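Shared between the two complexes below is chain A, which has chain B as its partner in the first and chain C in the second.
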Partner chain A sequence: MTRAAAGVPRCAPRGKRGAVATSGFAYHRPTTLREAWRLLAEHPGAALLAGGTDLLVRIRARELQPSAVVSLRSIPELAGAAAERGGGLRLGAATPVADLLRRATVVRRYPLLAQALRVMASPQIRNVATLGGNLCNASPCADTAPPLLAYEARVELRSARGRRELPLEEFFRGPGTTARRASEILTAVRLPAPPPGARVLFHKQRRVHLDLALASVAVLLRLQGTTCRRARLAAGSVGPTPLRLRAVERFLEGRILTEEVAVEAGRLAATAVSPITDLRSTADWRRRIVEVRVRRALVELAGLERAGGAP
Partner chain B sequence: MKPRKTGRGPATEPRASARGHTPRASGKRPTTTTSTTTTTLVELVVNGAKVEVPVEATDRLLDVLRGPLGLTGTKEGCGAGECGACTVLVDGRAVNACLYPAREIEGRAVTTIEGLGEPSGALSDVQQAFVERGAIQCGFCSPGMILAATALLAEHPEPTDEQIRDGLVGNLCRCTGYVQIVEAVRTAAARRAGGGTR
Partner chain C sequence: MTARRHIGKATPRPDGPDKAAGRALYIHDLARPGMLYGKVKFSEHAHARIRSIDTAAAERVRGVRAVLTARNTPELRFGFLRDNLVLKRDKVRQFRDEVAAVAAVDPEAAAEAVDRIRVEYEPLAGVFTPEEALRDGAPLVHEADPQGRPRRDNRVPLRFHHESGDLAAAERASRHVVEGTFSTPRIQQGCMGTAGCIAEFDRRGHLTIWAKTQIPFLAQRDFTRFLADLGLGERDVRVIVPTLGGAFGSGLDTHAYEYLAILLAWKAGRAVKIVYTREEEFACLSPRQCTVTRIAQGCDAEGRLTFRRVDVLQDNGAYTSWGATYPSVMMVPVTSLYRVPAVHFDAQIVYTNNTYCQAMRGYGNPEVNWAIESNLDDLAHAAGIDPLEVRLRNCNEPGEVTPMGLKVGTCGLRECLERTAARLDWPARRAGPSKPVAGVGTGKRRGLGLASLCHVGGSGRIYRSDASGVVLRLDDFGFVHAHYGGVEMGQGLHSVLTLAVAEALGVRPEKVIVGPTDTAHCPWDVGTHASRGAFMACTAVLRAADELRRRIFELARAAYPAEAEAALARHRRRDPEYRPPDFDVAEAARSGTFELQDGFLFLREAPPEPWLRVELARFLRAVHFREGGEMLSAESFVDPPTQLPDFERGFGNLSAAYAYGTQGAEVEVDEETGEVRVLRLVAVHDVGAVLNPQTLAGQMYGALAQGLGYALYEEVLSERGRILNPDFRDYKLPTAHELGMPIELEFVEPDEPAGPFGAKGVGESGLVPTAPAIANAIHDAVGVRLYDLPLRPERVLEALRKRRV
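Moving on to the complex of A and B:
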């Protein structure tokens, strides 16, 4: 059901009863970034581990056989969140999701992100799973991605040789692939100041609670009266990477929001995505979900509901 | 190679503070440990007792609990984070012991189902409520379910039904149909609020 769809067999073949892997790996716990970079250079077959909730499942399913595991959990620079000049927020890449949800700044100022974090996995997973792991794993259904795209987040990558930053949109390259170089560690996610007065809604379509998203939609709107001043939309599980729906944004901005406009925006969104059919759902149905959920989000956020409106 | 039993199993030791919310064990954080050898000695607190166990690089917390520590109350169902049978508390927070690298447990405090009741053998309030409400049938999910419920009540002392369900989404039960489990958590919460038995 859930993991099977992500290419992980439900009943992972068991090797040596108990242990994570049969092949064996060395386990390293660096306490500084410098040491972590050195370990990455020394062990070309090494895997970085933050929460381990993706990595360990994949190692156990023998999709990966790293020669070494380099844990990011004891590196203080990667944990926590800090306000930035200009009103933004910097989130340490290895901060567990549950810790982010305990921060008033995250919950109050970035409610779209908080909505997505709350419906991620289970409490047990949220206590260890990290933002950085969710993004570096680069699953099209990563729950944190659509809200972060809507907030126009940037990711900070650092290696022994230096530091670079790029928009999250450019970080995702395809299912499971990112712009991260092997020598780099994702150190932080940087959120610009949230647009004042923004209304937000995250919708995750799933069958049962613990499911990964079959499709997800994140919508951020800033209205002036009934005119849309700013629209940011993104969708998950409907393309090779999480997608920002720029065509819909362009269509909405400057327009007076009516039910017809919401319907048209939904249609546009459906044509902007490129879902596939897999174990969990079909391409057609996913497209339909995006259409309906974008429309309903706009109707709800702009307060357009009235009796007998569009279904 | 499995690590050997340490003979210092916490199950038989007096439990100082075995009630779920053990503070993080103080003391030095480990300096960088670079182990290319397979076995490392790791120090942790289990159900209130300080122990030292040999840990292999590939071990999960689950392996250490059920192996050298002999605490077989923690179950393995899926081994992949889906079922919650392996749920334990680390520094008071619920985690899946099947996805927790054993090496990361250094210096932390773990509570397993064996550490929830009183040293006298009396059950914790959550355990007691599970028994009374018929929230246990085969019992395989119960240790994990009870620890998840214990963490849930620590965070939401007066949970709504929705909060109870949200708090237990990571725990599967093939027997009860969940209704009795939700009732048991509600019962435990009501008793705490009413100043009942603990």
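Moving on to the complex of A and C:
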């Protein structure tokens, strides 16, 4: 179904001079990917709409003036979650955040992602905002990115010409830019099976409860006794893209987790990020938050605070 | 005095159900037939000459009906000092300056047209802090005053000054002196309902304007003058105030957008509506002033205050609003919070190329309270005396006259301090050093702090008249219609107005209907500000109700017996066996004392027979529907016994009563990140008698939320005059989550003789001392003094780092 509508309603032509109409955009709501690809080809510069919580704000602020908007909200294969062979999970890119939070597979098996989704925006926004939209918007502060990086998620991109898959880490190219080509649609996020027995913690540093992350940290640990067998860490809002903290992971894996190790990991994390000063916070403070929050997460996940006095 | 039946009882507010159900009509909901939508073109520079304005493309947009610039409009001035122009002619002085306005058949066409207006500017050097603006040779924001006389500097020509006692001697004689410089940010009123109006002329050329205002009658005066300036001669202006989604001081002035709506409506011959978007509300409506306060206070060895010196530098922005007169209220706490024998106060208000500022709840008091109460804690530490003890030793007392000449009636400050301290378990908790909090990460310490306030509590005369009036009209059904010129803006005015009418007249609250605020129907009122709404409304109601009762009882002498007989007859039809007591109704009505209670008229001496209690509605119909019939109404107009102070000398009894209060906070400070968590808030306020506990609690919770926002989160950020965070994404108000801590409210209720039912005004008090109470608790926890609001974690961490050096 394609329906041309005015995003900005056009008023009745009754002006005496009536030379210039208000600008608007054509709105299309395809029901198949094939149709969506065709529309993208026909309308170079068309904007893709999933939840619209970022796109419509930018159009209203006139930061974007697309000639056409192609909605992905009525394409069945972009919605929902499905178990994959090997214990993984495939999440449709246009699935709303609130929908994901209602799925036991997401909440139980990927608790780090669920922790991040729960503190993302407001309930009203979570009802419409989608996972794929959050990733394609490519904000360094995207709440879904750090946990997905920690789970080593991959993204699936499809166009009329074919299908390709990238690690999420390679998808982000800079603030607001991704590896997605104009002809492609992000169709799914694929999560590998979660490491058994993983302990996780997501921390979002906010000014008030309803806020964008000033800095965020996602930590996933698998311990054997007190030895760290696997560490996956990622951080948001502290670099041009969400960052995977590989240096910290390498440092932790194989080590016995002690207070000293946690302190050192925090320091390493702080050197691995490259925050900026903007109106929300300072580079210096963001770096401090990464250091403190990584250390505290490790202390908490390893149960070190019970061993008498924390670092 | 008989026991009160309604005043003092928790009663749901009458406007609650419609607001909760989304049925209340705000300016955003209103429309007029054929209405056009107006939109303003704002400046793109903080300071620039206007070279040219090209509106040709805008005029060609389909649906556009009027485009205005200074080129096709006479020069029209407005504002407190008339230093602002409705449309800017030669230059712009701030980013939000209005350079053009458009009216079109829908908002989109208006927005499109505004986008197509091309303005050529010649940028000028600007001044963006008061310090910069005061430098020799600084660029002038205004080259001439409104009369065309050249100006030599950027000082706003308003003087506020106070000297009392021998300051130099007191300073020399002080055992301890502590100085500090404290700053407060620009903050936004944060109304849920953005600003807006609809202006419409009828065919006779009279104007009706639906305006989001707190001053319908001063606005009426402004608009009337404006129409005369426009060359329209004498026109009637009717101001109607729709339901307001908050105002908090933003409605104390008339605004350029209102004048533009009027101009567009005149030009287009149609009603014109202008409503600000949230971004416009942030970027183009005036916020609270930012200030820098230098303070010094001294005390003797026992901690008794010897002197207080306060100098305020206030960034006015490019134009002057009523809010520029904050220092008129700053004087109240500076001279009169705690007993100080020698006081110096001076305020310098300075033009800059920043957004111009206006009133906000508290009106200067939170700004100086931040300095006074933070600095007083430091003085206590310097003297080695507990901060609570210092405050008690200098506590204000009932009946005192302060250095400013404020005549304190009742004063419950001592009790506020004591009860706050008791709730915080102050003596025990403050005895030892603050204890680190065990748990994850550690680095967290807890502390306690408190701070007090005094504020006008019996209206406040800042205008030639400080009056309010009410009309009470009784209909044939026993309903009382109240028409009051003040504004319900969410604070609960209609709730106390309802209870006051019910109490004072003797009817059920359900039978009281508060009419809309409309200059065509309501008596004159100076405005709803200075915590005066409830105080003045109830005072006016008491007087009008008294007159109504007098008239009802007068008429009852002749009319009551027949109604009682009729009631007896009805009673007998229901109960034929009934034998009435031996009671001469006619005789009792001639000589007895009438009473009206819960809508029933009866004689005090009468036996408690139900038929002797005559329904007010029946009685009213009886005196109406007869030869020479009469309908009852009463109007009162009250100008309270307040003085317009001499602000240049800083002397005068501004208010008829004074409100006090103390707030306490317990905080947890994360020494590693600078984050501050408020664990608990205690607010004990002297409010006089409580009118409606439910509404009062609402006022206090709301004020504490704003106080918390002022303390920790809120700031309008700007860079060379451009506002950087014109949205809730980056202007952070506390959410329900930040207010999740226990908040304990208590009220000290002295029976204030100047107040209606013994009450004082409380609209503003609740947000005044919150920030210093929190900052003092931070100091208690981690030993650092913070000077600049808001107490963002970055700032706290910075202070903690300096402490270690």
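Of note:
Heads up, the rule we're going with is that the second predicted complex is superposed on the first by the 283 of 311 C-alpha atoms of A that agree within 3 Å, B and C clash if a C-alpha of one lies under 4 Å from a C-alpha of the other, contacts with A are read in each partner's own complex, and residues count from 1 in each chain.
Throughout what follows, a contact is a pair of C-beta atoms (placed from the backbone, for glycine too) under 8 Å apart; a residue touches a chain by one contact, two chains touch by 3 or more.
Owing to the predicted nature of the structure, the values given are computational and were not obtained by experimental measurement.
By the touch criterion defined above, A:Arg288 reaches chain C but does not reach chain B.
Of the two partner chains, chain B and chain C are each touched by A:His209.
Applying the stated contact rule after C-alpha superposition, one finds that A:Tyr27 touches chain B and leaves chain C untouched.
Of the two partner chains placed by the overlay, only chain C lies in contact with A:Arg62; chain B stays clear of it. After overlaying the two complexes on the shared chain, residue contacts for A:Leu279 are found with chain C alone; chain B is out of touch.
Once chain A of one complex is fitted onto chain A of the other, the partner contacts of A:Ile125 are limited to chain B, with no touch recorded for chain C.
Of the two partner chains placed by the overlay, only chain B lies in contact with A:Arg73; chain C stays clear of it. Judged by the touch definition given at the top, the superposed model places A:Ala98 against chain B, while chain C stays out of reach. Taken together, the two complexes place residues 8, 11-12, 14, 18-21, 61, 209-210 of chain A in contact with chain B and also with chain C. In the complex of the two chains, the chain B residues touching chain A come out as 2, 29-36, 38, 40, 56-60, 62-63, 66-67, 78-82, 84, 87, 90, 93-96, 99-101, 103-104, 148, 151-152, 165-167, 169-171. Contact residues on chain C toward chain A in their complex (touch as defined above): 57, 59-64, 104-106, 108-109, 111-112, 115-116, 279, 439-442, 672-674, 713, 717, 724-725, 729-730, 732-738, 792-794, 797.
On chain A, the positions that touch chain C within their shared complex are 8-9, 11-15, 17-23, 61-62, 207-212, 279-282, 284-285, 288-289, 292, 295-296, 299-300, 305, 309-311. Contact residues of chain A toward chain B in the complex are 2-3, 8, 10-12, 14, 18-21, 24-32, 35, 39, 49, 51-53, 56-57, 60-61, 69, 71, 73-74, 98, 121-125, 127-128, 209-210.
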